[in-house]
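Shared between the two complexes below is chain A, which pairs with chain B and chain C, respectively.
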Partner chain A sequence: MAAKSIISRPVYATLSPQPGKHHLFVADAEGALAITDLAPKVPDGFFADAHIIFIPGNEGKHVAALEALKPAQLYQGPSFASALPRLKQTLANAHMGLRLYLAGTEGLIGQAMQAALEAGIDHTSIQTEHRGSLARRMQCVHCKGITENVTTQPATCSHCGLLLLVRDHYSRRLAAFQGVCINAEDRSEIPPAEEIFR
Partner chain B sequence: MYAVNIEPHVLGPKGSVLENLIDVDEHYVAEMQDRALVLAEDPLRCQSLPHMTLAGWDLLELLMEQQALGYPEHFTLTRDGDRWRWINRPLGIDDTFTFGDVSTLPYGPMEYITRQSQGDFCILDQRDGNLWMDAGMVTTQADWSLDFDIGMNFFEWHAPVPLAHEKGIFVRALKFLTNIQQGKPARRLNWTMTVNPRLDTSPENYHKWGPDRTTVTPENVGDKVHLRVELQSFWRLPRSNGIVFPIRCYLIKMDELVTQPKWARRLHRVIRDLPEELVNYKGLTRYRPTLLEWLSKLDDGSPTSAGFGPD
Partner chain C sequence: MSTGTTKLDVVVSDVVPVNELVTRFHFRRRDGQLLPTFSGGAHVVVEMRDGERTRLNPYSLMGSPLDTREYTISVRRDDVGRGGSLFMHRNVRPGMEMVISYPVNLFSLDLRARKHLMLAGGIGITPFMAQTAQLAADGGNFELHYTCRTASLGTYADVLRERYDRRVRLYHDDRDERIELDRLLSSQPLGTHLYVCGPSGMIDWVRDRAAALGWPAETVHFEHFAAPQPGAPFDVTLAVSGKTIRVGEQQSLLEAVEAAGVDPPYLCRGGVCGQCETNVISSDGKFIHNDHWLSEEEHRCGKKIMPCVSRFEGRSLVLER
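So, the complex of A and B:
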């Protein structure tokens, strides 16, 4: 679990079944376990109206457990980027009554929520559950480049190379935490990087 | 330490920044050129989410009316139904356009008028009992990023401010702001300090202006260190029901500030007694000791009179 933080930092709950006609899940890696943990709580026929978009990741686990839920559709993608066109089309074609559930890493939740916001879904209506890595997606405030999977504090911008303080300040629109140059005032000060977002 | 220091935005003394509700001063042309330079380098300083165009027209109307009212020698607005003519003599602009028709202006309405108005502008959408930062022109800011904060609600974009959430400041401020009425604007002052008279102290350019903070010495503190005061006003917009929030920045260097002994004494005490969290948040940490030492010599310990006017 993430430590207590500032108000813009997202907080995640536990997935719970919502009243609706269709249920769209987006999950990566251990996020699958949030879905299987939800399964005993759902009403009959719930997964018959469900579409699961799953990115198993390197370890490739949990696919069988999701198949066992017998969702109407189960898609496995090699990366979030590869799943995104499908997610966007699903959101664009969605009708009233679609419920969205996001589970897994913060990067996955954030990016799927970003796609949902662009499709006009209110963020407060989206169920989220964090599982797995605390690695952060970070926007460099200086060059605007996004660095994925940031685990250290400070972290180097993968675009412009500045050494950035990874703040807790978070933008849903960008699906990213803010990175600000940590030694802007005196570049000779180089604090050691610690791995704190595991 | 903190107060919800909001009061009605009404006219003040002649010759003061409150002589008009939208102040235009001798830096007008220079500040507009500065804005154009910042935007050329970083167009993301001006953004408006798609549902905010109507609020942009509201703002255009407000700023044209207020500037023409306060400074008829510089600005003229004439209206024939939706056909408007706007003359801005200092910038050499004479445009005729159709109010509400974006295709008749060279920019969107918010960008068009805020390229001709001093101060930063945030337009807040009001919904779900909250205010949402959904549009803005922000080129003279004290270290916050519109590009990052756009789309956030009142609590989210203030999230990094230390201590104030716990004190309930933002809950009370939001209650007040969501009840602002048309024709009854309000205002508050905010402050920080800036090394060198820079308007653009954005996080985007922090790696460029940040080194200035290492250059303060006992010899140059009076010239380099500036008190930065923001006059923030809050206006209900009539068509969109949004709130516009102009943030007008004024800078005064220490040498000028201490020409009023009361101001020198008071600033010394404020800087001396500021909680550590705020010292860091305002970015004063590195040069505060030098500034304090310099100001302390101008504080004889005598009381200061109430209010911020000089004695």
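So, the complex of A and C:
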């Protein structure tokens, strides 16, 4: 569970049904469970107006549980990147009355929110629920490269190789936590890496 | 104390009758300088020295925010109101020196919006005059739906149609023309923001339908200056200043507090900005809440009141003032 530390660090709630004409879900892996947990709370006919974009991940679980909700559309993709064009297209053609629900890892929530912000949805209008891994999407503030699935503190930038302190400082625009060089004074000083974002 | 409402010394530079109910007033600075910059949706509080009495009424600025040589407001005459609009119509003449507040905007455009959908009713058109001018100058995407009683009371409808052509849609009550609200709200592209200004019944209707059709609250903006409603006189104890005062039939609680020499903060004097929110220490009776600021829950529990528009009926009321 993500705890509030500094103001930019996102915190997540529990999905709750919103009034609306269409309901768009984006979820990965265990995020599917946030949707099935929501199901008993929704009004009749809710999922008949729902579109679920789901990235099952390596374990490939939970697809049957989502099918059982009988959404109007259920799309499965191998990765967020592969699902992004579909998400963007859906948002570009949508009207007011579409509500957005994001569930799963922080990387998925952040990147889907980034697409939603670009489409003109206010971040406070989006329902989010964190499920699964705490792995972080990190931007190296030095080379600007993004490293996915960071689980250690400190972490090595996959682009420039600097050893970075993974901060709670988060950018909604970039959908990434900021990584700042941890040993800028003396590069030979290498603090031990701990796996803390599991 | 009028928080944020630094005063401007102005002179009335023009008074223009617009139709049988509405008159436009132009103000310039007495020192000839430019007036402060404002954004579309801003209002000023106009001070009216009416004999012994000072009236303070808010009016939306309706000129283009690009032109700060003068401010313009349009005042609809209300023959059964508390007298502010009648004072403006009867007593204010070109050349008269007046005092107005700095502009304050409680109804600003959200410029992140992909599109601005504006709904005006009657004299509620005035903030949209400024907002459309602001957006048009930047090529902003807007659409204005304006409901008026009759064509002759459609204040500035002709000006707006000429400026913006098909981006303005008019509805006349006497021709039974009605906004197809559900269809309008459901056909807007994602990223649209909604703005509504008009009678409170219209605002409530639009907000209710927007919420039901899935418009997030952040995308729905509204402004309604509730003129303080008259009512039975009542007594109030001001605990901090140790005074007991009587609120007259035609007086607002805020005006009575000010008349007793206590200076609470205010901005809009119309129940929308929240500045004059006052804690209730004890009460025995019924609140008549007329504001758009406190939540329904806060209205129910009787721990807070907005003295600019709300009243009280009962045996005793003690306020933290």
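Criterion: the second predicted complex is superposed on the first by the 196 of 198 C-alpha atoms of A that agree within 3 Å, B and C clash if a C-alpha of one lies under 4 Å from a C-alpha of the other, contacts with A are read in each partner's own complex, and residues count from 1 in each chain.
Definition applied: contacts are C-beta pairs under 8 Å (C-beta built on N, C-alpha and C of every residue); 3 or more make two chains touch, one makes a residue touch a chain.
Remember, it's a predicted structure, so these values are computed and weren't measured experimentally.
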Partner chain(s) touched by A:Arg198 [first = chain B, second = chain C, both, neither]: neither
First, second, both or neither for A:Gly120, with chain B first and chain C second: second
Chain B contact footprint on chain A (complex, rising order): 6-9, 139, 141-142, 144, 162, 167-169, 171-174, 178, 180-181, 184-187
Sites on chain A touched by chain C in the complex: 18-22, 91-92, 94-99, 119-122, 124-125
Residue ranges of chain B in contact with chain A within the complex: 44, 145, 147-152, 155-160, 165, 203-207, 210-211, 213-214, 286
Residues of chain C that touch chain A when the two form their complex: 112-114, 185-192, 211-216, 218-219
